[in-house]
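Structures for review follow.
Heads up, the next two complexes both have chain A, just with different partners, chain B and then chain C.
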Partner chain A sequence: MHFDLSLAIASLPALFHGLMMTICLSIFVLLLGIVFSVPMALARMSKRRSLAWPALVFVIFFRGTPVLVLLYILYFGIAQFAWVRESFFWPLFADPFGCAVIGLALNHVAYMTDVVRGSLLSVPRGIAEASLALGIPERKVFLWVRLPLALRYGIRAYQNEVVGFIKGTAIVSVVTINDLTAVANGIFQETYDPLTPMITAAVMYWIVVNLVRLGFAGLDRWLNRHHAPEPASRTRTRKAAVA
Partner chain B sequence: MPTSVDYSGYFQQMLGGVSITVQMLLWSFVISLAIGTVFGILRTGASGVVQIPLTIYISIMTGVPSLLILFIIYYGGSGVLTALLGYDRSFDVSPFSSGVAAIAMVNAAYVCDLVHGAIRNLPKGQFEACTVLGLPRFHAWRLILLPQVFRLALPGLVNIWIIILKETSLVSLVGLSDLVTVAKTAGGATSEPFVFLIVASFFYIAMSTLTVPLANRLERRLNRGQTPVGA
Partner chain C sequence: MRDISTPQTIDVSLRDVVKHYGPFQALKGVSLEVAKGETIVICGPSGSGKSTLIRCINQLETHDSGDIVVRGITVDGTPANTRDVRIEVGMVFQQFNLFPHITVLQNCTLALRLLNKGTKRLNEEKAMYYLERVRIAEQAHKYPAQLSGGQQQRVAIARALCMEPPVMLFDEPTSALDPEMINEVLQVMEDLARGGMTMICVTHEMGFARRVADRCVFMADGEIHEIAPAEAFFDAPESPRLRGFLDRILPSTAHS
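Right after this comes the complex of A and B.
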């Protein structure tokens, strides 16, 4: 049992194809997450029970259910109902890609709702109150004061969720999507060599995850650039100026 | 149209699936807690001989999907064990043990990070007091430091417990008859997959919801003596 380098190189094109599927799927769902999580978080934080309760039930259900079960429900479960099959949305559920996107997105949005909520709650109250006292309309305070600050407080939690989510996409092969894991599995079944394709795929996941981490580290630095320590040379000239 | 009586057998099978899922959860959590705690303590040391392999381990385990690690252990594990321990014996890796191994290995890395963070948040005086009193290191960790570490790390550990609960569903993909496998098979046999899968999802939701009050009780217990005067 050893790592077969020539097989690894030979299977790179197929694995890249799978990787592209994983990345496309991830970007699709991450965009859905950004679009839907802010309204969901606002609904969850609303004082109106008719908004807060459904949002809470949504979060509890889709956070608590494993993605695997969620995909099975979407792919096998709801197809048994005739009214779903006759509905307008059926092409979406009949398509594996549609199923995978919906299943992953429901789980991701449920997690993101709490990420966004936590970030909004961590913005100090005084800042929003001060803005309102200055006569800035509530809508603008939310959009230009609370949301940008929340982004800064929430970036770490968002990074964890994105990384966890990308790793979680490995499961979509159960609804016949040819993602990176599925391709690696296919090569294993053709060659009876489990280690080579799967370790190569693991390296690819590792690179993607760490690129994402690097990107977030850069974003974090940029968002917090006013906290950055001043470069040594500039500090020295300033001191000289004061003296 | 089958009546509800026909389903009772399937629901009994699902109880069996629940038992396997719960066993997976307990084994994986206990092992990842044990390994993660030891790694977390080692991570506070300065020696590069320990730090470098630990850093690599954590980077791999937090950067690669658990499903892939499970596949590597399940499909590649017997070959690796045979190569390592001699060709005269053959090693069978069961779905259960490879599932526990994969989930425990992945989550040990997360526990390690948590424990390491908690140790760094302990007041320095606690370590100094242990040294001054001449407590042997093992006793210092067991009696003084670790109880405080677990108090600090508890919220994160509860999170990991819930993540492990959901991750156990992955073992159905290497052929273990856990709750998900049984629900899927029963759904296929009765052509009522929705009912069985929803029941399975309610089990996971109930388990993670039940965790919250239990975790709160544990937190109160670990926090005893921490209540500020007058609160």
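Right after this comes the complex of A and C.
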């Protein structure tokens, strides 16, 4: 058994197709994560029990349920209920892509709620108080002071969640989605060569994950530019001018 | 002590202000009137309620009972009322609390921008004017982390001044500073006081209090024990607790 380069090259178009599915799915769910995790975190931190409790139950439940089980329930289980089949949402649950997005999103949002909450809590209270003391209304303090600072504190935790999440999407093949892993597995079934397609797929995952890391590193540097020391060039030119 | 019939404007008035944290009573009925242009220094032992008192004035803490009137506005705790009061009152904190992610200049203009005041250019001009007044205009494009503590605190003062509040609160503005930076901040505060700002300063800088304060207030256990003009406050304290307090923080003059 060896790595079959010509098979790898021949498989590239199909694998690339699978990769697109993986990326598409990831972008969808990551966007849902951004949209829903902030309100969820706010609900979780709310003083009102009627908001805090449901959010807490949501987080505990969906963090504690394996994504695989969630996907089985969504794709195979829910269809058993006639009222679901007759409902407005049925197209979503009948579609494997819809199920995969919902299943992954429930889990991802549950994790992200805690990431966002932790980041918001790490913003020093005094900075929010100083904003209030300036007369800025609470809502704008949240939007323009606490949220941007939380983003800076939380970006590393978010990167870890995103990278883990992308690799975790491999699970969606159980609901018949042809993502990168499913395509690689299909090639293995056809050619009886497990090594070549899987290694090629692994390399593709690796490239995507590291591009994401690079992107985050750049974003992190840009967001935290205020920690960078004074650019040396200015003082140097001044010294040069004096000399 | 003060003659009530004097035609002075009262900028801040507190009457029987009570504040609890849970069962603990942090303010036990505090009354104080601060005239327009007056500089008040509040001192007292740790935990005596100094911060609580000045934080009640701009409603960073809500009081339980008693009246607080700021420039004619009776504080009632509703959001609109609170906002009106905060426009009248600037505050400077022990920990500077600058926005770390934006430049010094943006620190000064953020509130103006978020409250839809002025144009970008007017706001920046105003910010530069106040940064100049605290003598730090040349650092306007740096981030807070690139400044020393004293410089950061002066930026915090300029940031508050940009809202042009007639009243300023200071909560131990020099306590977090290295000794060599304390004076640059006190100097800025002194300039403000001489310029006619109404100021309430919690501070243990007794030299500043003597030089600048019109009246000094001594607090202990959530109560005001003594209010007196600076001179009398230091040279002829009436209450034994104030005498003991001054003895401890002014060891050199203890037996004068």
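Throughout what follows, the second predicted complex is superposed on the first by the 228 of 243 C-alpha atoms of A that agree within 3 Å, B and C clash if a C-alpha of one lies under 4 Å from a C-alpha of the other, contacts with A are read in each partner's own complex, and residues count from 1 in each chain.
Following the convention adopted for this analysis, contacts are C-beta pairs under 8 Å (C-beta built on N, C-alpha and C of every residue); 3 or more make two chains touch, one makes a residue touch a chain.
Since this is a predicted model, take the numbers as computed values, not measurements.
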Partner contacting more residues of chain A (chain B vs chain C): B
Which of chain B and chain C A:54 touches, first, second, both or neither: neither
Touched partner set for A:137, first chain B, second chain C, both or neither: second
Touched partner set for A:188, first chain B, second chain C, both or neither: first
Partner chain(s) touched by A:227 [first = chain B, second = chain C, both, neither]: second
Touched partner set for A:218, first chain B, second chain C, both or neither: neither
Partner chain(s) touched by A:145 [first = chain B, second = chain C, both, neither]: second
Chain C - residues contacting chain A, complex: 58, 60, 79, 83, 86-87, 89-91, 93, 95, 97-102, 110-111, 114-115, 142-146, 156, 159-160, 163
Residue ranges of chain B in contact with chain A within the complex: 59-60, 62-69, 71-72, 75-76, 79-80, 82-83, 166-167, 169-170, 172-173, 180, 183-184, 187-188, 191-194, 197-198, 200-201, 204-205, 208-209
Residue numbers on chain A that touch chain B, as the complex places them: 1-2, 60-61, 63-70, 72-73, 76-78, 80-81, 163, 167-171, 174, 181, 184-185, 188, 194-195, 198-199, 201-202, 205-206, 209-210
Chain C-touching residues of chain A, taken from the complex the two chains share: 124, 126-127, 129-138, 140, 144-145, 148-149, 152, 223, 225-227, 229-230
